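In structure tokens below, several structures.
Shared chain: chain A. Partners: chain B in the first complex, chain C in the second.
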Partner chain A sequence: MRFRAKIVDLACLNHFSRIINTIAKLAKTCILRLTVCKLYFILSDKVANGGASMWCELSQGNFFDEFQMEGVAAEHNEIYLEFVPENLWRAFKTAQSAKAVKIKLTNKHCPCLRVAVELPSLSSSSRIVTHDIPVGVIPRRMWNDFREPSVPDFDVSIYLPVLKTMKSVVERMKNLSNFIVIEANLSGEMNLKIETDLVSVTTHFKDLGNPPWASEDGYQSSAQGRDVESMAEACIDIKKLQQLLAGQQVNPTKALCSKFNSSACELQLVGSFAILSFSRISVFIFVCLKVNIFTAPEDFQYLYF
Partner chain B sequence: MPFSAQPPASGERYALSASLDNARHLSSLLRAVHFQDHATCLATASGLRVTVEDAKCIQANAFIQAEIFQEFSVQEESVTFRISLSVLLDCLTIFGTSSLPGTSTALRLCYRGYGYPLMLFLEEGGVVTVCKINTQEPEELLDFDFCSTKVVNKIILQSEGLREAFAELDMTSEVLQITMSPDKPYFRLSTFGNAGSAHLDYPRDSDLMEAFHCNQTQTNRYKISLLKPSTKALALSCKVSIRTDAQGFLSLQYMIRNEDGQICFVEYYCCPDENVTEAEL
Partner chain C sequence: GACFLSLAVFGRAIHAIARISDEFWFDPIEKGLALRSVNSSRSAYACVFFSSMFFQHYCWTAGTQPCQKEKQLSLPCKLIIKSVLPVFRCVNVLERNVEKCSICSSPSEQHITFQLLCRHGVVKTYNLTFQECDPLQAVFAKHMCPNILKVHSRLLADVMIHFPSSQEEITLSVTPVKVCFKSYTEEDTDFSRTMLTEIQLSPEEFDYFQVGVDSAVTFCLKELRGLLAFSEATSVPVSIHFDRCGRPIAFSIEDLLLEASFILATLCEAEKEAASPEPNCHLYKYCIFQFHSLFFGAVSYKEKAIGDTFQSLVTASDTEEELGALQSSPVL
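Right after this comes the complex of A and B.
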């Protein structure tokens, strides 16, 4: 099992560290999956911890100038590592003006990701700062736990409003209530609602627009033939939503929220989707939050970033 | 937009209805008196008064005159209700507290009467928020009976002078002693903490002193923990009027100028600390 990679380009380095920062804000521990062409950051939380999960897929060619990896076996040419993203973010914080960053999988006392940051200096000899981040190697029999989540069937999909507005609304609502109801319809309207003994607050967004992808394969069933005015709704843990919005270090150019329902339950489900497009890189982070586990144990809210 | 998101037509009968172009004018004043969760609101034709009390010893009033509002109408002689101030502030700042130029949150406020919730309609950039805050039974308020004819000593200071003093107060001291006198030391703030006593004197002819009307020497002590919340108002204000009456009750009036140059007042009343023996003075 071998892995080494190198980033030289400053723009690539900045994008990469912003992604690490976003992930560090969302997850305490996460899985790094390495394949020959791609690297994935995966969080699949257990239901007991709120059930938030995330899927972030990066093409190595978009970030790394050198990328060599050798998996456990020729037919399973992959590596799965468990690590604390906060540690990796700290290592990258020192790398903001670095000339080069090398990442290497080492095994001195325990398996570590070694991040070697080459910093510019005034003298001819360069300074190198090395961070050893302990990682756990995930055995092959557990790889199946970290498969890409499938996109569930939905009722409504809608573009999210300006995230800054939504963030501040959700932040205030978090002070007032533990749960938030998100509802949306096919005519571009979305409401955020909370209701407690003291207060009920509803924020109405309109003219958001509904993405036209409902006609694509597999995504059309429930959304078609639906009354454009009728609201699909889901109730979710407001802290998880706030965490997701607060962790937004990469500004999504497009955010999309889709809502779906499970046929078994009355309650309907929410999902959202954001595509982060940089000049030459597209990043998909898939985040899914467990919905209101008290009323509907089978329901999920999915937020893709 | 659903019907519920529409502000009510002005023809409908509301005990209190008001509208404001910039909700921050209201939220910043309310924040200046936000040291307890609950506030009592009194609306009369002259404006809105929001009162917060603690420990039956301190009372803070924020006055928002009717002129600050673009529209302000009260159907009855006075309308009173009690409300959770932190909830009200969260609702008023739902679109954020930052003051980006060119953006402001418009507010419409309606209250149908006793037993009804306070309705807030907030709008910013085409996004509308509707809040229904349940109101509570108003409580009897303290009457400090502090009228201008009973005032013994009065000093008007520019706030910056007091801001520094309050920021550096020795918080290990239980009390703040205020001396006001027609003779030296004129105006003195003293603390008695673990590290010793500190006295801060303001000379009568200081540039910070806008007015000085002291008729007799008065030394009173006030609990620092009670006065500390008033620094929120002090931070926003441009001038402060410090008055005491014959029994030693303290009135602090803060003049606050908002972004549009309109003037509002926040007032704090505080009881003197009783455990003062003549010997200690």
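Right after this comes the complex of A and C.
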């Protein structure tokens, strides 16, 4: 098993760091899956009453100048590593002015991701900061636990309002109730509602627009033929939603929310660097956040719908 | 009594010393005011000396005459840091809001008064009781160290930022061509759970670089952070004096108005003592500098009336050399 990669471009470094920061805020441990062309950050949620379940896919060519990987075996040319994203964030946090950042899989005392940051210095030779981040190698028999999540049919898909606005609305609603209802229809209208014994508060958003889903693989079938005015709704644990919105370090240009048939709700943020998707496992009780991050809009190939 | 020229600097000194211990020695002498502190395990010592010129107004009267036999000592005294810290809480805003700060001692009433004259006519007075105590002083022959580095505090801050704030100890290792700071790990560290960080620098980055003996010294970073913050506030370069592992390491800053020294014990690894007669002795020993307890108010190296030699842990074997060097080594 070998892995070696290098980032030299400051903008790429910055974006990669921000993605790591987002992930570090969502999960204590995380899986890094390496293939020849892509990196995946996966969190397979096993928490019974909801939590972040995350699937993040990055095209290595969009970040790395050099990227070499040799998997566990020729016919299984992949590597799965378990690590603490907070550690990786710590290594990248102070690397923002680096000349180059190299990542390597090593095995000195134990398997580690060695991040070597070359920093500019006052003298002719650079400063080198090396971080050894311990990782656990996931054996092949467990790889199935981290498969791509399948995406069910959805009812409604809508672009979200400006995230900052949505964040502050949800933040305030959090003080009043534990659950929030998200309603949306195909006419670009969305409501955020909370209801308690004493008070009910609704924030209305209009003219948001609905993304035109190409009918690839028939994924949009249940949404077609739907009455454009009728609202699809989903009830979600408000703390999880707020945590997701607060953790956002990547700035999406557009955000999407897709409602599934009554038992799931998916929130998706689409941007030049991010798609975030948020879904619920079962009504009222469970919350599952699904995060998909792509590097370019064309990666947003409706793979997850 | 004393009035401040730079309150922020004084405040930062208090904060720096607070990292070492909960109490500190308040020791005014003719030349200026010394603040000293030592931690409970006697493995870290700090001394900040403000020359009388640092203050707008400095007035000191000797409490005792040298010929007097009886001990009539009200100063130096010990103060609890926790009671002083609130006075200098938000150092950044201090200078904006406080026009004048004065410190006076009233031995008869057994307290030291800190008085802040603030804007809008507000006067804050803090009366802090003190305990009489024996003076504290550490002797460390800095000039005898083979390794001396001098560097701007900014560089040290840029290096330390790569370590987590929870990092307890780090190892500084030097050769004539390389300087390296790295996280320290004990033998029984669980590497599968520990993230390790290492920073390599070139000697060219230092204002002064002298390495007489290759060495790797491990010391407590947490205690040092106080000095680093303080030196950034004063923007005076930091000098680092050290030797082989086991000997103390001194971080100091010095300019016309003040001198500060933080002396930290370093770890001594058992492997280096192959000839040790006690195979079961504790793996690591902290070797520290000596303390002298002197019974005179003014601490002066000319008076070699050394009372009990205060040793709490293993002392360096060349004790005699250090005593002999008292003549020329600075009193801290």
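The rule we apply is simple: the second predicted complex is superposed on the first by the 255 of 305 C-alpha atoms of A that agree within 3 Å, B and C clash if a C-alpha of one lies under 4 Å from a C-alpha of the other, contacts with A are read in each partner's own complex, and residues count from 1 in each chain.
We take it that a contact is a pair of C-beta atoms (placed from the backbone, for glycine too) under 8 Å apart; a residue touches a chain by one contact, two chains touch by 3 or more.
If you're wondering where the values come from, they're calculated on a predicted model, not measured in any experiment.
**Student:** Once the two structures are overlaid on chain A, check if chain B and chain C clash or fit side by side.
**Tutor:** fit
**Student:** Tell me which partner A:176 touches in the superposition: chain B (first), chain C (second), both or neither.
**Tutor:** Only chain B is touched by A:176; chain C is not.
**Student:** With chain A's C-alpha centre as vertex, what's the angle to chain B and chain C, nearest 10 degrees?
**Tutor:** Approximately 60 degrees at the chain A centre.
**Student:** Using the touch definition from the top, say if A:242 reaches chain B (first), chain C (second), both or neither.
**Tutor:** Neither partner.
**Student:** Under the stated touch criterion, which partner chain does A:206 make contact with: chain B (first), chain C (second), both, or neither?
**Tutor:** first
**Student:** In the overlay, answer first, second, both or neither for which of chain B and chain C A:187 touches.
**Tutor:** neither
**Student:** Rounded to a whole Å, what is the shortest Cα gap between chain B and chain C in the overlaid structures?
**Tutor:** 5
**Student:** Considering each complex separately, which residues of chain A are in contact with chain B in the first and with chain C in the second?
**Tutor:** none
**Student:** Chain A touches which residues of chain C in the complex?
**Tutor:** Touching chain A from chain C are residues 155, 161-162, 164, 191-202, 204-205.
**Student:** Using the touch rule from the top, collect the residues of chain A that touch chain C in their complex.
**Tutor:** 84, 87, 90, 94, 109-110, 121-125, 127-134, 136
**Student:** Taking the touch rule as given, give the residues of chain A at its contact with chain B in the complex, in rising order.
**Tutor:** Listed in rising order, the residues of chain A that touch chain B are 161-162, 164-165, 168-169, 172-173, 175-176, 189, 197-207.
**Student:** In the complex, go through chain B and note every residue touching chain A.
**Tutor:** So the residues of chain B touching chain A come out as 1-2, 4-5, 84, 86-87, 90-91, 93-96, 124-134.
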